[in-house]
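Each of the two complexes below includes chain A, the first together with chain B, the second together with chain C.
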Partner chain A sequence: MANSASLPGRGDLTIAEEFAQKIADERRHNQLMQMVPGIILASFAVLASLFVGGFFTVTNAINILNQISIPLILATGITNVIIIGGIDLSIEGVMGFCASIVTLLVLNKKNSMDLGVLGMALTVAAGTFIGFVTGVLHVKMRIPSFMVSFGMGSVITGFGIMSYGGKPATVEYALFPAISQGSILGIPYLSFMALGIFLVGCFIQKYTAFARAIYAIGDNEGVLRSTGVNVDWVKIKAFAWCACCASLAGLFGAIRLNRGEVIIGQGNLFTTITALVVGGASLAGGKGGMLESLVGVVIVVIIQNCMILLGINPYIQEAVKGVIIILAVALSVTRGKKDFVK
Partner chain B sequence: MSQSEPEKPVLFSAERLSRYYGDFGALREVDLTVKEGEIVGLIGENGAGKSTLLKMIAGVEQPTAGQMFMQGRPYSCRTPLDANVQGVGMVFQEQALIRNLTVAQNIFLGREDHFRRHGVISWQRMNAAAARALAAIGMGSIPPEKKIWDLNFASRQMVEIAKVFDIVSTANPGESSLILLDEPTSVLNEAECQLLFQETRRLRDEGHAIIFVSHRLNEVLALTDRIYVFKDGTGAGEVKTQEADAQILYRMMVGHATTGQYYKTERQNLREPEVALRVRDISLKGIFREVTFDLHQGEVLGLCGVEGSGNEAVCSVICGDASPSSGTLEVAGTTFTSFANPAEALRYGILSIPKERREEGVIGILSIAENMIMSNLKAACSAGVLSNRRVSQIAREWVGKLRIKCGQVSDRIMRLSGGNAQKVVFARAMISKARILVLNHPTRGVDVGSKEEIYTLIRDMTNLGVAVIILGDTLDEYIGLSSRLLVMKDGQAIRSFDCPPDAKPEQVEIIKYMM
Partner chain C sequence: MPALARVFRDHLSSLMPLLCLALVLGVFTSMNANFLGVYNITSILTDTAPLLLVAGSLTFVLLLGCIDLSTGSIISCSCVIAGLYISETGSPVMLVLMALMGVLAGLLNGLVYTLLRVPTFVATLCTSAVWQCAALLISDGKPKGIPIKQWSVINWSKFTLFDLFPITFLVALGFLAILFFIQNRTRVGKSIYAVGANEKASRMMGVATTWTKLAAFTLAGVGSALAGVFYAIKLRSSLPQVGTPLTLMAIAAVVLGGTTLTGGIGGVLRTLVGVLLVIAIQNGLNLVGVDAFWQQICFGTLVIVAIILNADKSGRDIIIK
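Entry: the complex of A and B
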């Protein structure tokens, strides 16, 4: 009969060894995938230097540093939210809201406020509080983070417009132009500050229990819960920190423009999330980090910069960004037969 | 090994411990004692209650009756953390490690406070502490700063043990701990197993107690001091390991054979010559290898094996849920290396009835009728348009045939009991005209009456020529239902048994090959 059992011990490996090998393969694949964004960045930089006129110049380098600052600040905050497997769609709204209210709190042409640095601090505090609320709604009412943050973004954009009643305020506070126009070695202060915020993010990632908990939630939340960590609180903190960074980005935007407008954030959400995914973060959570986010931001900004230098139609630029994010996700997702995608 | 020493003090005991899910008793009135400096083995078939017992000791689940004692004091725990504080730690079969953190970060996950100064964690101190925790179980060679990703599977297992042991011993310095090991060897090779045993013995010699669960009898015999045998959710006795051997344990594990009438063996088909499915040398890397069999029309083929033996994975390959790394499947005259998806398998007449019926088997928000017709909507269509009248008509017909107890066929299926919902799934299989059914634990969680009806249904279908591959709940069920049994162990099909109605094999004969 054909139902004779297969001979044991055929082949060189036992099943257990095969299993161990599978884990090893997975490991190698992972290590390789981690290197890919770095390789892409290097090759883009080389290709752009060779083929894009005006790319490899000091002015353009400063330009790129300038363009990097806001996406980098936003990425610093949202990285943690992405690692836990969530998303925050309200960062544009928070940015716009904060840019709007800060111009009304410092010396301006619209009202009699003159709180100076305190006004800036209050703005960041208000922005952070929005993130706190988003986080609380997400974990306590169990609303998916994309939905909560989508709604919050809309609410907060509305508040932003209402704050200046349709006519944006122009700032007369002397510190604003002093910051936006100041530079060291031709590199604007704002770029240094963005780098500073990024370094704070790196510090948090490297030296705090909070960051360990963030990775644990992304990989296997149950394990963390069973060790007695307050998982909800960690999540709330992640959203608050994300909004804190978004308010700083809004503040920077207002400083640059010298004016507060709610639309100041527009386009940044998409750029930031594209950058994270390109850098190797997984939208399913568990993967990513500050360094990965930095690499991603630089890649995306370089692409944008090249398209501008090449004079490509802005509408096509948008489409290209869309293609990049889809490609990046498609290449990085590990697919299994039993996984469902909704 | 241990000679007869003066009686050691009892560390943990359980009295008349029970766990019921509704009417179903997963564990009934179990007694257990574990002494300090003792390794106790738990053995039994799948679903005999070992895991349920461990989960209750570890605080994952709560007993519905009975008491537990730790060092003479009443013991109860709401969470695993709660258990840890009281000196009990469990190493789970699925590793509870965060792969993108380091070994040290995993060991001290949630306990970073000791290493924090002004909000900053000192990795140096944490790594040093992790090295000590690893050394405490003899694993000083694992580097604490490496990420879990970068470790092989065996080392991950040791990290897991180090973590649990450290949590428990830190919470109870100087006291004996109880460590629960659930199938820790299932993916380890021989050398790694020996290492694990060596360290387990060392923990015992230091006065700690270990409960060891394994499907491998030789390991249980080699490692433990005493063995508890479980059967159908209750204790079937205990033996000193010195006085036990495999034969004795086999006898204790198997239950009384139920009469053939219960399984309707009188309606069991004689083997028909036509082959419905030819499986040739299929392998799934790291899970099972070179499995070969013929499935004849009208027969029930039982694929038996302990958890992790690969029998479930073989089924998922056959019904298109997984792609084998090599080998072929031949059905209806066509040879495949794999099915693209379950839909393709169904096109060739193979339908799987999944284990988690509530989650995977039925669509709760649809009606009974819609659930029945789902796999063969064409049967109720005319010119591409679905006729609701026809759907109800077909559904009513099957409700009658299968004696499904329900109000209207347009009622939501969620309203049905487990047994009746299962019958709806069977009706769907019949309507879909599947020629090969893969039944994944078809009677799990249904009451005795419904069980018998499901057995009748299986006979009904096989009498119509449908071939059935079954993953059963108990060995008794496997033997009673099957016309042939294929025993799998460690990813290989090692033996096949013919089970004609008049000469069914003994359970002991089969369990020998499983464990």
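Entry: the complex of A and C
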């Protein structure tokens, strides 16, 4: 009876050996899956260079680096939220709101405010606070994160529009054009700053207990809770950090446009979620990371760039992203493991 | 006594929306006496009709514990198609045609969810992008009025019974009655409650869970598509973005009515109260002269508050993501 638990065809393995074998199989499978986004990225880059006219040029490379900055910041923030198995649908709203209020706080044509850098800091603080509120509502009031952030997105977009009363303010603060037009080696300052924020995200992920807790929550929240970690607080921090990044992205948007309105946020939610799921994050939580997100962002920006170069209707571009998300999520779902999807 | 307390609490939860409605009506009437005037009531009921179609059928999706974020885009798309169709020919075949489109849209949502096992909020967010894209492509991104010579085709929509009940509202009530019948008298309706309350148990009991889910999403699609037709008729034009705010409003209506996001509790009659509540608030805010920007803020807050009130606070061990 000693070997009754082992399966036929596996030979005379003990239960321990069988378990080890299973773990090894799983690990091999995971390693393979981790390489998929990288392979997709490489093949996309090669295909685009071969078939899309104007893709493989220095100007376009700089364009791509330029286009990467905002999705990269947003991805840096939302990665943690996705890893805990939640989602933040309010990033567009927060981004638009912050873009709107920052232009009203620095020197502008609409009011007499002139707070300069302090105004920018206040904006980021306000954005972070919104994320904090979202997190508290989600955790303490036990509302699913997609629902609370969906409602919050609507609320905050409303406040954003209201702040400028339908007529966006134009910025006269000299720092804005200085940042948006400055570049080193042809690469704009904004891309470097985005990379900086991304590196901060990497640092957090690699060296803090917060990030360990994030992964643990995504894998098995119950176990982590019973070990005494303050799970609620970790989640709130994840949402606050996400909104902080979204407000920085809003700031970038305002700097680039030199004016602030809520539509600066539009379309970014989709790009970001597409990037994450293509990069290999699982919406069920526990999987993903900064590097995966970076790969995902680059893939999505390349796709976007090619669609623009090919002259595809912008309406269709959104739909294409939607289809990509569905496909990527469908492929990454671990079949049969978690039975009930809602 | 605890049994009595529980009975009281249960009734309170279903009475709550009605009490809120009474409160809202009271507040707005005291601020502006015209609020309960015959003309304004007709106006409220006219506005209620399309939302009733969406929210009524969306109730089933929420009863499953799922969500449908694509309703707004389906409304936009069907509004565009219906508007252009009336402009061209304008035969009543259109309603059937649009219902078919709704079936298609709902089935697509359901299939992505059940076959591909994509969580519903992502699945419907993505299909919403697809339908919005279709609406914008078909309309070329611009609103287009129905030419006056075609107005005779849709003049029936102006009829009001007893000078109080607009015909569109009556049609929507009829649709709601069908939904009520489905909910209480058919196998699908019972299955939806069972799957929403406990999917595993209902599957073990032999409930066809996949078909149940598909049916719920299909109904939501049909409701949304018909609402789009109503908008086309009411506004006499095809507007490619008419549905955008309606996704949230429909969810607000269902949840305010007392259907929970976790599934299994609620019903279409409660949604009727929720819809009246939402429209009364919107209408009242307009009447009192509150800025349109505030309404977006208001509905976002309303959804969150309604969910907080409805949330099951007892099951602390359930993990909410």
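In the analysis below, the second predicted complex is superposed on the first by the 320 of 342 C-alpha atoms of A that agree within 3 Å, B and C clash if a C-alpha of one lies under 4 Å from a C-alpha of the other, contacts with A are read in each partner's own complex, and residues count from 1 in each chain.
Heads up, the rule we're going with is that a contact is a pair of C-beta atoms (placed from the backbone, for glycine too) under 8 Å apart; a residue touches a chain by one contact, two chains touch by 3 or more.
Just so it is clear, the structure is predicted and the values come from calculations on it, not from any experiment.
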Which of chain B and chain C A:316 touches, first, second, both or neither: second
Partner chain(s) touched by A:167 [first = chain B, second = chain C, both, neither]: neither
Which superposed partner A:27 touches (first chain B, second chain C, both, neither): first
Touching partner for A:144 - first (chain B), second (chain C), both, neither: second
Which of chain B and chain C A:228 touches, first, second, both or neither: first
Partner chain in contact with A:86 - chain B first, chain C second, else both or neither: second
Shared chain A surface residues [contacts with chain B and with chain C]: 222
Parts of chain A lying in touch with chain B, wherever the complex brings them together: 1-8, 10-11, 14-24, 27, 30, 207-209, 212-213, 215-216, 218-220, 222-224, 226-229, 286-287, 337-338
Complex contacts: residues of chain A adjacent to chain C: 84-87, 89, 137-138, 141-148, 150-159, 161-162, 165-166, 221-222, 270, 273, 283-285, 313, 315-316, 318-319, 321-323, 325-326, 329-330, 333, 335, 339-342
In the complex with chain A, residue positions of chain B that touch it: 79-81, 96-101, 105, 109-113, 116, 119-121, 149-150, 152-154, 187-189, 278, 281, 285-294, 310, 321-323, 341, 484, 486, 490-496
Residue ranges of chain C touching chain A (in the complex, touch as defined): 64-67, 69, 112-113, 116-123, 125-130, 132-134, 136-137, 141, 199-200, 248, 251, 261, 263, 291, 293-301, 303-304, 307-308, 311-313, 317, 319-321
